[in-house]
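Structures incoming, each one as structure tokens.
You will see two complexes here that share chain A, one where it goes with chain B and one where it goes with chain C.
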Partner chain A sequence: MAIEAFLPAAVGHSMRPMRKATTERAGVRLLLMVIALAFLGFFLFLPLVMVFVEAFRNGMSAYWTALAEPDTVAAIRLTLTVAAIAVPLNLIFGVAAAWAIAKFEFKGKAFLITLIDLPFSVSPVIAGLVYVLLFGAGSALGPWLKSHGIEILFAVPGIVLATIFVTFPFVARELIPLMQEQGTGDEEAAISLGASGWQTFWYVTLPNIKWGLLYGVLLCNARAMGEFGAVSVVSGRIRGLTTTMPLQVEILYNEYNAGAAFAVASLLAMLALVTLVLKGILEYRFGDSIAARKH
Partner chain B sequence: MAAALSSAGWRMKKPSVIPGFGRTLGFTLAYLSLIVLIPLSGVIWRSASLGWAELVAIASDERTRQALKVSFGASLIAATINVVFGTIVAWVLVRYRFPGKRVVDAVVDLPFALPTAVAGISLTAIYAHNGWIGSLAASFGIKLAFTPVGIVIALIFIGLPFVVRTVQPVMEEIDKEVEEAAATLGAHRLQIVARVILPGLMPAILTGYALAFARAVGEYGSVIFIAGNIPYVSEIAPLLIVIRLEEYNYAGATAIAAMMLAISFAMLLVINLLQAWSRRRFGHGD
Partner chain C sequence: MDVSIRKVRKEFDRFPALHEISLDIRSGELIALLGPSGSGKTTLLRLIAGLESPTGGAIFFGDEDASRKSVQERNIGFVFQHYALFRHMTVAQNIGFGLKVRPRKTRPPASEIRRRASELLDLVQLSGLQDRYPHQLSGGQRQRVALARALAIEPRVLLLDEPFGALDAQVRRELRRWLREIHDATGHTTIFVTHDQEEALELADRVVVMSQGRIEQVGTSDEVYDRPNSPFVFGFIGDSSSLPVRVENGHLWLQDRMIGLSAPHVPDGPATLYFRPHDVELVDGCGGCIAGTVVATHRVAATRRLELEIGGERHRVEIEVPAERMAAAGTRIAFRPVRWQVFPERRNGETAVHRTEERELALTGT
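Right, the complex of A and B next:
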């Protein structure tokens, strides 16, 4: 796909005599294109535009006032804090898991990969429920935690745990296929030349995987900051304390304060746009070194 | 722990000069167990300890059954729509050239990046009776938001990229020579698409279907704003879990969760079998 853009027009021209065999008639092409673009327009593009239309409906000053609200500021701070804890932890996990899985041959590897992907196939609400059952009042741990004054549920630790759960596979699943494709030759060479394990990782492996790593972190971060279902179950929605930005959107919306809800939502939409742009740049510039599937 | 693992791993794994196997695998297993496996097994343990009588009572509760029906029904419809239009979108992106293609291609990933709550309120604003499209539909007497149709709209949004991104790379790999050969043998375009191209794409299309469906069944954030959440009509199973939890009815919440997990697992198993069958039947592809 990337190559197509660089092909001179003449290549397309020389293919013209065969067009009937490998493409549709012009009318059908136009029809399919209109269907595809209309579908994307109604279901994807319009919702994105709508966020900003609604956010700025009442003017710039209303927009800034909504964002300067203390509860909203606290929500922004909490979202950044949660992502700052969850993303690095899943980054370390992703690198460790990919190292073990891609650099060694051992039994049960395929099963381990399936288990790592598990959080993707669990509903976010169930991800939250899982921690409620583990730490809630009715659990075995609940009373003990309470008597020791440790708050996990309806507090920041619970939100962090739920976020880690839903973003768990992101970095690992980018790195595993990439590192499997790169093989073990470089590392074996480095080790045989006397490098230590850390040196090998730092100077040989990391430069090979850095763009793929960044790609995984980007997706992980977008989900971590935007997670709603899992976090809403464990948060308890204490305003200014345990509401993340997506929860703040919900609270404001349910209070019929749509303008403020969309103002907060617009920040998250901008995060999504930045994520998409960076993702596009990474795929375009470093497509070959991101993942095995992007050739 | 790491030492025990590396000595256990010694028999399990091929020898290698690269260090760090015990440490990285040990950390991986420990982290995986702490964050995912132990908490998840809690749900299974809890629902197993409910006992049959209680489980059956919750399962036969009319509101639960309706919520499951709404969740799985809307997900099936949305995944089916996504398979049809997602395949067309992938085809257009792979085969045709048009201005702004790179932007369109990037927009496909929007549902991966846009938080579900944001998508939810935005879709509601568009499809509600006073929204851009909702008012249009309302003039024909059709209500979109706050009905099961609204649920399907939200599920189309979140499921679309799964289909496109699964089908697209396989489509790019299709060898045009096969199409040319079919054409030389006198097949016209529709025959080539139906009998040469689509069969090769079937495994990928089914995978995309499974992924979109699985994601849709568990979806919560984008749905609850647009659904209207009327019990028995437009209340999805994940929302009912949340409601039960807010009532401190942990048994009820766990039972619904267990049923959701069981039904999704069974459906994914069926789709996996279909996929294996289609791979055998149609040969190449994913």
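Right, the complex of A and C next:
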């Protein structure tokens, strides 16, 4: 290299194959790829494989038995219920927030965006604790709730609230840049043609954001089903009643029931894989209408 | 539908975009709002559409105060610079959109909407493309679809915001002619915004020249070109050259010499002389003319354009001479404008005083 530097340009050129200025030489490229793949393999792929290996260690029948256990079935049902409530609510909140931020100018917009990001930056455990402080027996609301027979903590409503808190940003964060980029031109065209606000949203805005929305919902759902920290604090872990799948995994594992723990874990891992595949398809097929991919 | 704009003001966050504008547009007229960017022309169009609301004043459609109505109720057709076609709908669905969203009582049946769409496609010369999606069309085709969509609702007023701004020159010229034909065939009152003077002058019945939130002049192409009523209009429309002069007893002076032009109605004092580069005659010997040194020559199509430096202050002006008239840099040339106007300098605080020399006077001005 040092010698080459002193050679006239033409000679140096003839001595090595032409390559683009922005491309590294083959050896460097290989090294970078090996480092990246080894890292991914060791930290991501291997653990994922281990989940399935452990889950099936005692054979298929043991796997099914573990999943058919009543507490586990209850946990699966609870997880699905929580996601079925939290995801649609966050879909509505997310669309409303993104709409407000992208289509209108108002004071405090930057603050609202920061607020939406809050769940990303706050530890989920703290999110859970906030609800304990808000609704717990020692709080101002606690006695009133108790006297009216409303249970929030250590019951399904608390788990739903904590899940909503943690998964709030996914839909909004996906839609805000997308809607900002699309601007208000299509909406103006629609209202100039006589469409009402609702018609404009339904026929024009929603179709424009549908793939981005689906993408956001997918990520939101994956997180809602997999959330541990916040739910763990507010659930009280009453077996068969307030344990979601991630909590059930931990309980089983702590009881040295590794086979059953991994069986449940494999379901969660499967969910992750399905999400990943769907996400991949969406990105491949509708990449240009999904903001997260472009920004 | 007559459109009457009465003392309309618009401010954005205290920043005035339009200062008390009044304008009357007759039914069936084709009007161009022409001006540089920031002149308020698009704001005015959006106010007429109802996409913005005025800070003051009113806009009447016929006898009806439209400024109190919502966009939907105004029944206008709006064509956007970037088409704003609904990308997930076919061409036919785009055109039929305005009919589809009508309340049930006035909504035509689906078959009628389809029929209307294909009729309009014929009108905009895109028959057979009803099942295409916008991304499968060229820019010119998209804008035709956008116009068909706006026409579908039978608007009372058709508004176009720089409709050809995003298209290339060839398509632009073609669509311009075509828009004129459509306008003549349908008879809609049409207002379009443009910063392209050629487009405005060629297409419009009347041109509204705007600058800095004010209307400078309203008139036919001939009027704004031949009798501009302000230095801005003279400079903005067509090519122009200008020179600082002085008026004394109705005669124009360039520094210490009379240039042989008289303007008896213009008050004494500093003023600016405007003329078009091609409205000059070359003269031999200079007893009452403008003389300058050639600094550059350009051959422009059939004529030759000379850049001259005039006087000790070296003001630059351009004049046009026949192509066969050669003039090397450094030679002296004398000329006299045959059509010209002189505008007294704006006095501080006062609104501008414009005195336009009649053309006949200017022609016989020596």
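Everything below uses one rule, namely that the second predicted complex is superposed on the first by the 273 of 295 C-alpha atoms of A that agree within 3 Å, B and C clash if a C-alpha of one lies under 4 Å from a C-alpha of the other, contacts with A are read in each partner's own complex, and residues count from 1 in each chain.
As a working rule, a contact is a pair of C-beta atoms (placed from the backbone, for glycine too) under 8 Å apart; a residue touches a chain by one contact, two chains touch by 3 or more.
None of these values were measured; they are calculated from a predicted model.
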Fit or clash - chain C, chain B, common chain A: fit
Contact breadth on chain A, by residue count: chain C or chain B: B
Partner chain in contact with A:I159 - chain B first, chain C second, else both or neither: neither
Query: Once the shared chain is lined up, is A:E188 touching chain B (first), chain C (second), both, or neither of them?
result: both
Task: Classify the contacts of A:V204 with the two partner chains as first (chain B alone), second (chain C alone), both, or neither.
output: second
Message: A:V130 in the overlay: touching chain B, chain C, both, or neither? Say first, second, both or neither.
response: first
Message: I want to verify one number: the closest Cα approach of chain B to chain C after the superposition, in Å.
response: 5
Query: Looking at chain A, which of its residues have contacts with both chain B and chain C?
result: 188, 191-192, 196
Residue ranges of chain C in contact with chain A within the complex: 49, 51, 71-72, 75-78, 80, 82, 84-88, 97-98, 101-102, 146, 149-150, 152-153
Message: Which stretch or stretches of chain B touch chain A in the complex?
response: 9, 12-14, 16-21, 23-25, 27-28, 31-32, 35-40, 42-43, 46, 85, 88-89, 91-98, 102, 104-119, 121-123, 125-126, 132-133, 153, 156-157, 160, 169, 172, 176, 179-180, 182-184, 189, 192-193, 214, 217-221, 225, 238-239, 241-242, 245, 248, 250, 253-254, 257, 260-261, 264, 268
Footprint of chain C on chain A - complex, ascending: 185-186, 188-196, 199, 203-204, 207-208
Statement: As the complex stands, chain A meets chain B at residues 1, 4-5, 12, 18, 20-25, 28-29, 32-33, 35-37, 39-40, 42-48, 50-51, 54, 92-93, 96-97, 99-101, 103-108, 112, 115-116, 118-119, 121-126, 129-134, 136-139, 161, 164-165, 168, 184, 187-188, 191-192, 196-197, 200-201, 219, 222, 225-229, 232-233, 245-247, 249-250, 253, 258, 261-262, 265, 268-269, 271-273, 275-277, 279-280, 293
